[in-house]
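Each of the two complexes below includes subunit A, the first together with subunit B, the second together with subunit C.
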Partner chain A sequence: MANQTLLATSAFLHWKPVKALNFTVEPRETLTMASFAAAKGKKDALAAAIRAAYGADLPKGSGRVEGNGIAFVWAGPDQWLAIAERKDGRDLESELKAALSGIASVVDQSDGRVVVRISGSDARAILAKGIPVDLDARAFKPGNVAITHASHIGVILWQIDDKPTYEVALFRSYVDSFAHWLLDSAAEYGV
Partner chain B sequence: MATPGQGSGTGSQPNRLETGGLVDRSRIVRFTFDGKTYTGHPGDTLASALIANGVSLTGRSFKYHRPRGILSAGSEEPNALVELREGARREPNTRATVAEVFDGLVARSQNRWPSLDFDVMAVNSLLSPIFVAGFYYKTFMWPSALWEKLYEPAIRRAAGLGRASDEADPDTYDKATAFADVLVIGGGTAGLAAALAAARTNARVILVDENATLGGRGVDDGADINGNPAHEWVRTVEAELSSAPNVRILRRTTAFGTYDGGTYGAVERVSDHLAVAAQGVPRQRLWRIVAKETVLASGATERPVVFGGNDRPGVMLAGAVRTYINRFGVLPGRRAVVFTNNDYGASTVAALKRAGAEVVALVDSRAQISDEVKRIASEAGARLLLGAVVTGTLGKKRVTGVTIHTRTGEEERLDCDLVAMSGGWNPNIQLTTHLGSKPTWNDKLLCFLPGTLPHGMSLAGAVAGDFTLGKTLVGGTSAGSAAVTAAGYAAVSVPVPKAADESDAVAPLWRVKSPNGKAFVDQQNDVTESDIELAEREGFRAVEHLKRYTTLGMATDQGRTANVNALAIMAEITGRTIPQTGITVARPPYTPVSLGTLAGHHREKHFKPTRLPPSYRWAKENGCVFVETGLWLRPSYFPRPGEKDWLETVKREVTTVRNAVGICDVSTLGKVDLQGADTAAFLDRIYMNGLKTLPIGKCRYGGMLREDGILMDDGTVARLGENHYFITTTTANAVKVVQHMEYCAQWLWPELDVQIVSATEQWAQYAVAGPKSRELLQKIVDPAFDITDAGFPYLGVGEITVCGGIKARLFRLSFSGERAYEIGVPARYGDALMRRLAEAGKEFGACAYGTEALGVMRIEKGHISGPELNGTTTPRDVGLGGMVSTKKDFIGHVLGKRPGLVDPERPALIGFRPLDRSQRLRSGAHFLKRDAQATAENDEGYMTSVAYSPSNGHWVGLGLLKRGPERIGEIVRAYDPVRGGDTLVEVVSPVFVDPEGVRVRG
Partner chain C sequence: MRIACPYCGERSLDEFLYSGDATVKRPDFASPTAANEFVSYTYERSNPPGMHRELWYHSAGCHAWLVVTRGIATHAITSVEVARDVALNEKPATKDSI
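Take a look at the complex of A and B:
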């Protein structure tokens, strides 16, 4: 018994499916994530390495780019969060450690953060109930990133498309409180 | 001509006009007031519906219990405050003038007993000579002990307003943020013109208006715009704005506060006009509106005139009379006297006449008035009394007449059932002053106008002193265009709607001297003009003193109908000008905001977010009792059947750890990953103890100081690789430590190569503690890893795998003093690992333990925690003086050497046990020498932490005692006056278990 493998537990165990006419919420369950930060004086080398390996230009300020199945999300000064689907054993910590050896530090975040995808024409009005960022189409566009809070819960938020679809990354332990706020806020929209 | 009553199809509403107003006469709503059923129409406020039904008495006043009616037609109402709804939804002090009626509304008058009609406390009115300003301060001074117990409760019973519900609020509240290029506050004619000019550029425009319908005084005054009734223009503009995707109209929304950076607070009463909010819809919503530019078109509030009996039901603001006629189609009286100092008296006369009322007289304090006013009075058949004033009112619960002091000095009585009064207009400047700007007095308009405006704010309409309809439209259009240009849009030319400019001439009249009866200045707080005279005589002449001494302007209406009259009267008494006298500071909110709205979603257990540790679900299944530590919900203890209290449970958990093995979720400790070539140097500057010598694969206990030399946090530092460290912090300080480190890396030493990443949530981490901990771990650690004492000694750290290849980190650390480990796995495996450890631990007699047992064991070992790391202690104070490096510089090093911090007299950590071992100890107890008096001068420190020690069989304590470590063996008093404790305790070593530290090494 003892050495049987451990089964992973979903962070979204208490979530109920969210279906409304103009609003969907989808937890992203199978992600591999790692944060990486440029070593002193290695900013340009890091940018070059990412470009070479993934064909993506790391955003220098707030922003999100994609390359080779990885989304690179700006996460602070000279820091990024890399996110990819965890399929075929892909593990960004080891992948990036190999690719960025000597030019960046890499830390696994696959379990520390969870990502929720929020989409639909009511999404802006619902998110406005807890996120103090201007998400109007004129002000916030696909590829934009905000490090902010949602109802007192620290989040990184970015936009995927014009539907609009957003993703919110938050620390794992807050998932139930976040869900409670989100569903409360969406109640007015038929959720 | 509209006539009240007959044949209107609303026969039960005697004062409803046949035509006019914006109410929907085709539909009837039924509501009750003080138990009696009445009807109204959609579009009515409670006040307009009560007027329609001939109800003029709506409440009793705060102090004198005088009968009161409806003074105004807006949010400034001081008198018609009612309780709305029933049961859990009962809400006191709601203004009948803004509450919309709906089918089934239940409203009650307030502040009367046994009934509104017969109120026992009206006897206060007879005692009024003694209930003057400052009465409570003067009378209930001695003995002061009686204030809280006797005087205040008694006064509150007699003087209170409505009753709040005792039940939990069943409604939901919401908060949201909105952004605008141009925010327009106020949906009157000026605001609508501004919004239209701004909206046509495609800028994002938000228009907020506190009423259910737009139009403001344009509708209230029944004027014409572009040759048609104003409400038709309003409807056209509203239609255009409503269909524009770049415009958001927030009706029933009051902007209540101006904040920094173009931010405004507003309350939207989403469902207050409905019996029950629709499913999922909040009752009210708090808006935080961030605007590049703001056009304030908040209008003006009419001033009452201060004369005798000016509070009697049937005495109403003249503008409100016009509003009731023109907006609501109700007639507030049949025989009216209009009393004024300005030309708006004439439009009131005209409106009353049009609506079919008899206007007995126009009493104008001015000796000279325009021919136009004379013509209107004459057409209405009203006597024109120039240079005359109303000195008093007749009647009891409704005005039946007035006494007039004529120009020639004669007294005259006129019969009437309505007095429409106007003392001029006060621009609603409150939102311009919230950031500290002082308003300026205008001698021609006789009002305060906004001073320096907050950045990004401009004015339109009456708030700017543009009182006339034509001017509001011109000013609104140009303010809207200017604002949208400033917000970066090319303005579009918008034709200015055409309207006449009525005359707004006004002459000063602040009070009628020698009034016939009490003349009220602040009707909600029952402050009279003689109270102001009294305040002046007693030296409270400054406006802020006047306010506090008389309570003028301090009621829920914030004195909106009272303040300017009050300071003008004070100016008159003291022979100063109004600007010399000054104006009190207006602070948010402009109108009352309910606490539920401010709380929004954050109520009850959702007051703050809750963080759940990885073993939460398992712990819950196993009957765990949790404790909130910061945002975390941590296992506190795990009671088992048959255990009679928490102490028994905790004893069992401690004993299990000391004799076998226990498992505790320590995932909540802060975890920080540090990498980079200079990490060792960085940590050496952060921590007070040396870390440069820490080898790879080892942990060390560390402490860090604040810049001022006080302990900030403690934890462990593990070195995983040449340039890779992993530190832990206390749960409470996890965020603070990361913040501190980022500050140091980014600002103090940007030259260092160090990258800091919080990894608290990545790892589920469990302490496995007790003599059998290694045996238990061996069940799960993969065989490739040697965790024998030789291969993995005390303070070792290693990256390993468990359960067949799951990556893990193992630390040999102990907080309990036993052989112990901390094992971390990626958080998604946390639940499974807890289950596996509990299952595998059965054969060793393992149990889970929580923060209680953790606390007992650390006290038994003399380890410090939150109560000792309390923001006032130095390393030396808590017995860590020896750890502080003398060979390097680090944060807190220099200031930590200040004389006060190294004073040998400072209380320092030591252990305690009760002399009588059966006695319990209390943390917080103060130490006194055995025979010293219990005075503050004799205080020698205090007990910081106590626990019942199962290992010792009695209570033990840690505390900070003056020269503590030198006093082992001494008996001192632990004096606890709060809980009545006075215990003799013995000063002992703070280590109560295994003082040699043998067990931890195994």
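Take a look at the complex of A and C:
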């Protein structure tokens, strides 16, 4: 058998740009991500360490906060997903393991999950077709987070701004199924 | 049916898995009658009408285990508790309780 080399490829290899007036989809490919969970009895110590290192108060319940060059997304009881731009070799797994040694378990998510940014005035109606959470502006706002599913694909969803702009984190291998559903949902909006 | 997850708010049934009776207690394996007690613990359910205490798992959400008190004829839910809190309340506090 010939020697083979494994090459990293984009999770969005099969995606093509879509053009629509009120709807944009943007894969966020340059992220470093890690999830972490408080060790037993270390919830307060974890909150203090994150505040000291990044100037952010971890959301106690569902929510997303930004710190210095980083965002923290609630990912379940006493669990969070940390997200940052992967520039200058930044690696959140090793960074958080060093900062949270003994007070949290840290797991790399950079290759396991991907983040898709979905924006525009039609985005809410398009997402609402497959997401069983009330996305109305009165019920779901910037900074809110929902762990749920989009057409049966497990997602963590959060809102960034009032355009509205949403971001969805999902497991990498589901991106083609997710795109299929998203484009079907968007068809009536001229996508 | 919708279940009000204490962490996520009210969510549709399709995000949850039913995971059995929340009232059964695992027997002591060292008891001389352990074999009979484990048969009862594993298989025997009386299924009375009225309110049941059930374990539900928020599998497509926050992954919390919940104890749901639900009327099996009406589906009316009177309480949803975090299973960890229920368990911690049942046993005496220890120094490393969360």
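By definition in this document, the second predicted complex is superposed on the first by the 184 of 191 C-alpha atoms of A that agree within 3 Å, B and C clash if a C-alpha of one lies under 4 Å from a C-alpha of the other, contacts with A are read in each partner's own complex, and residues count from 1 in each chain.
Keep in mind that, in the parts below, a contact is a pair of C-beta atoms (placed from the backbone, for glycine too) under 8 Å apart; a residue touches a chain by one contact, two chains touch by 3 or more.
Please read these numbers as outputs of a predicted model, since none were measured by experiment.
By the document's definition of touching, both partners, subunit B and subunit C, reach A:Pro132.
Comparing subunit C and subunit B on the residues of subunit A they touch gives the larger count to B. Contact with subunit B, but none with subunit C, is seen for A:Gly190 once the two complexes are overlaid on the shared chain. Of the two partner chains placed by superposition, only subunit B is touched by A:Arg113; subunit C is not.
Of the two partner chains, neither subunit B nor subunit C is touched by A:Ala52.
Residues 40-41, 77, 132-133 of subunit A contact both subunit B in one complex and subunit C in the other.
Touching subunit A in their complex are the following residues of subunit C: 7-9, 11-12, 14-15, 60-64, 82, 96-98. The part of subunit B that touches subunit A in the complex is made up of residues 172, 174-179, 204, 279-282, 288, 290, 601-602, 606, 608-613, 617, 632, 673, 675-678, 724, 746, 751-764, 779-780, 782, 802-806, 825-833, 836, 839-840. Listed in rising order, the residues of subunit A touching subunit B in the complex are 1-11, 13, 35, 37-41, 77, 79, 104-105, 107-113, 125, 128-134, 136, 138-139, 151-153, 171-178, 180-181, 184-185, 187-191.
The residues of subunit A lying in touch with subunit C in their complex are 40-41, 43, 61-62, 76-77, 132-133, 146-149, 154.
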